[in-house]
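For reference, the structures are reproduced in the following blocks.
Below are two complexes that have subunit A in common, paired first with subunit B and then with subunit C.
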Partner chain A sequence: MKLLTLNFLTCAIKTCKGSPASFPLHPRDSELEIIETDINLPFLKNILPRLTWDAVRTISTELGLPELPATAPTREDLVEPSSTSEDDAEEVPTQVAKDLHRLLLETCVKEGKLVCGCCEHEYQVKEGVANFLLPGHLV
Partner chain B sequence: MLPTPSTSHVSFDRVYEPAEDSFLLLDTISSSTEVAFLKDRFSNATTHPPLVLEVGVGSGVVLAFVAGNADNIFGRHDVLTLGTDINRFACQAASQTVQTAIASSAQPSVFLDVVNGDLASSIRHQSVDVFIFNPPYVPAELPDFSRHDSYNALPAGKKATTFEQDSYLLELSYAGGEDGMVVTNRMLAQIPEILSPNGIAYVLLCAQNKPEDVKKNIRSWGPGWLAETVGSSGKKAGWEKLQIVRIWRQTSG
Partner chain C sequence: MAETDAQGQSYEAQHVHSVYEEIASHFSSTRYKPWPIVERFLEERPDGAIGADVGCGNGKYLSINDKVFIVGSDRSTNLVSIAKQHHQHLNTSSLVVADNLSLPHPLHAFDFAISIAVIHHLSTPARRVEAVAAVLELLKGAGGRALIYVWALEQKDSRRGWDEGHEQDVMVPWVMKGKKEKKTGSAKKGRRKGDGEEGYGEAAKEEEQAVAAVQDKTFLRYYHLYRKGELEHDVEEAGGVVVESGYEKDNWWAIARLKDGDGR
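== the complex of A and B ==
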């Protein structure tokens, strides 16, 4: 499961939804793997405003990955200045863009848990598939 | 016609096989009227990439179709796709279907994951731009969920599923309880929460689901909510057997 997916997930328990602590879910005891994919620079530029950067930083730190800057990169940070172009296909990604791609789309939780900061419920990740099904008494 | 994704790797003993309903979704989403509607809402290349969520992906054929043809449907290829399914075997199969479709696409979009869950219960509120749901819509008794945990994985120490297990997993994909609406009604209740302000939903219904009542009910969610049939198939004596309802909010101003 990709780290970017965590940007769109929250605790499945209804009563947690209103609590800010239910996002992001916190990875615990994680085994990570890198699954390489082609970089999509227009996507990276456009996804920036949709990222909850503080959550990305928190998750990254909790996984023991290198610390991220306090503020999100800008669109300009992602494109080599000499390659800036009207045509997306001409643009060359910077190291910042490559690092962001590696973090959000290539770094995957293979095994582990995702923990809600509100109710402490643990969701298992097995073979890359996160399980958000709740036992009957929690639905 | 846009290419239909390959699902040749999927075991249809325990994952719903693409059928008339799946193909109606593909045809509707890629119809000229829906493409025009989607492009009008989402094609502006400087806006954030639209997130497409499909609940109950099954084989993944619909989500893979959107991911593989994002450029044709949305006029942009930075579209994000995410799926959920209650059946863990479907999650794994669908994931592969979407990745294969993207790999063979000239303009690859961005696939997130398929998570194992109940409907959209784990999805962050107001995050979904395009929602797709092909529900278990057949009026038939719901399966006994008390066995779900044991049936949702390979039996301990075994390399194959059992016949009872496969039957249960397939029942999940079609049995919809009274009027075939029990699961759909639970899903409809989540739609206003998960959709972004500009978000739209495509939900498949069959004639026994009383689609006119369903649409009337959606329009009563509050001011601005709209529901219209935008695709149908299997016309019989003036009755559409299956239809796709588009749900959206009129944007003010």
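== the complex of A and C ==
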């Protein structure tokens, strides 16, 4: 499961959703893997404003990955200045863009748990897929 | 059809969820062609939009538009595994196992959501409205749009032949072919034909007839067939506003937004 996904996941239990503590879910006992994909600079630039950067930072820190700056990079930070172009396809990604691609789209949780900070419920991740089905008494 | 919420839940566990787990592989092999309305909706989303595919099945809608990011979820672990095999190296989607009435998503965090051929599997009116509400509450107020697609009662020209006035709560057989032996001769190799309900599984019929099947197994799935206007009613009950709706190939569809969302 790509780390980007964690920006759009929270606890499946309804009463947790109103609580700020339920987002983001906390990865625990995680085994990470890198699944390489081609960098797509226009896509990265477009999803950037939709990221909750604090959540990205929190998750990155909890997984023991290098610390991220306090504020999100800007779209300009992702493009080599000399290559800036009307045509997205002409643009060359910076190291910042490459690092972001590696973190959000190539770094995946293969095995482990995702834990809700509100109710402490643990969701299992197996073979790269998180399972959010709840036991009957929690539905 | 169930009457209470608790009955509905256990009824669906038996007559929907466990069936999809069993037929996942065969079902997936018959689900490869996207429906035009869904394709159009996905292609019209703005670049970089974030979406949810609630009940994504084998993930056939995850790769239509590679400029948006979609989190797909399905109740069936087996279907999600199949979807994952198909989309392992796709940058623009991710998959989780989840129930559509207990979705693991933050509220109002998505630019769009789709729920294709899912809500007709809920077995009480209240649970269907709840399922629509669960899709709508994913949407951002500003510009958020959901596409919901359900099987229609009015389909007198389909193989099933249901129409206005017929029973709306039905059990639909899925025939899984047993071991196959090719007849002698020049039987062409083709896709297996599922007993697909939505009208796009017919292509391989002739090839199928050239193959002798033994030990067929029939599974029954519960469906609530939507009559004209019913989907729009459910959207409104769930706190949504219908932006556009219509009928496509034996199905009703509606594009909706939140009531307090803007009209963009």
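Keep in mind that, in the parts below, the second predicted complex is superposed on the first by the 139 of 139 C-alpha atoms of A that agree within 3 Å, B and C clash if a C-alpha of one lies under 4 Å from a C-alpha of the other, contacts with A are read in each partner's own complex, and residues count from 1 in each chain.
Here, contacts are C-beta pairs under 8 Å (C-beta built on N, C-alpha and C of every residue); 3 or more make two chains touch, one makes a residue touch a chain.
Just so we're clear, the structure is a prediction, and the values are computed from it rather than from any experiment.
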Once the two structures are overlaid on subunit A, check if subunit B and subunit C clash or fit side by side. clash
Is A:43 touching anything from subunit B or subunit C once the two structures are fitted on A? First, second, both or neither. both
Contact-wise, after the overlay, does A:21 reach subunit B, subunit C, both or neither (first, second, both, neither)? neither
Determine, under the contact definition given at the top, whether A:10 touches first (subunit B), second (subunit C), both, or neither. both
If you lay the two complexes on top of each other, which residues of subunit A touch subunit B in one and subunit C in the other? 1-2, 4-5, 8-12, 14, 17, 23, 38, 40, 42-43, 46-47, 49-50, 105, 123, 127-134, 139
Subunit A to subunit B touching residues, read off their complex: 1-2, 4-5, 7-12, 14, 17, 23, 38, 40, 42-43, 46-47, 49-50, 88, 105, 123, 127-134, 136, 139
Contacts from subunit A onto subunit C in the complex sit at residues 1-2, 4-5, 8-14, 17, 23, 35, 37-38, 40, 42-43, 45-50, 105, 123, 127-134, 139
Along subunit C, where are the residues that touch subunit A in the complex? 9, 47-48, 50, 52, 66-67, 69, 71, 73, 75, 77, 80-81, 84, 88-92, 94-99, 101-107, 109-111
Over in the complex, which subunit B residues touch subunit A? Could you list them? 45-49, 51, 76-78, 80, 82, 84, 86, 88, 91-92, 95, 108-110, 112-118, 121-125, 127, 145-146, 148-149, 152, 193
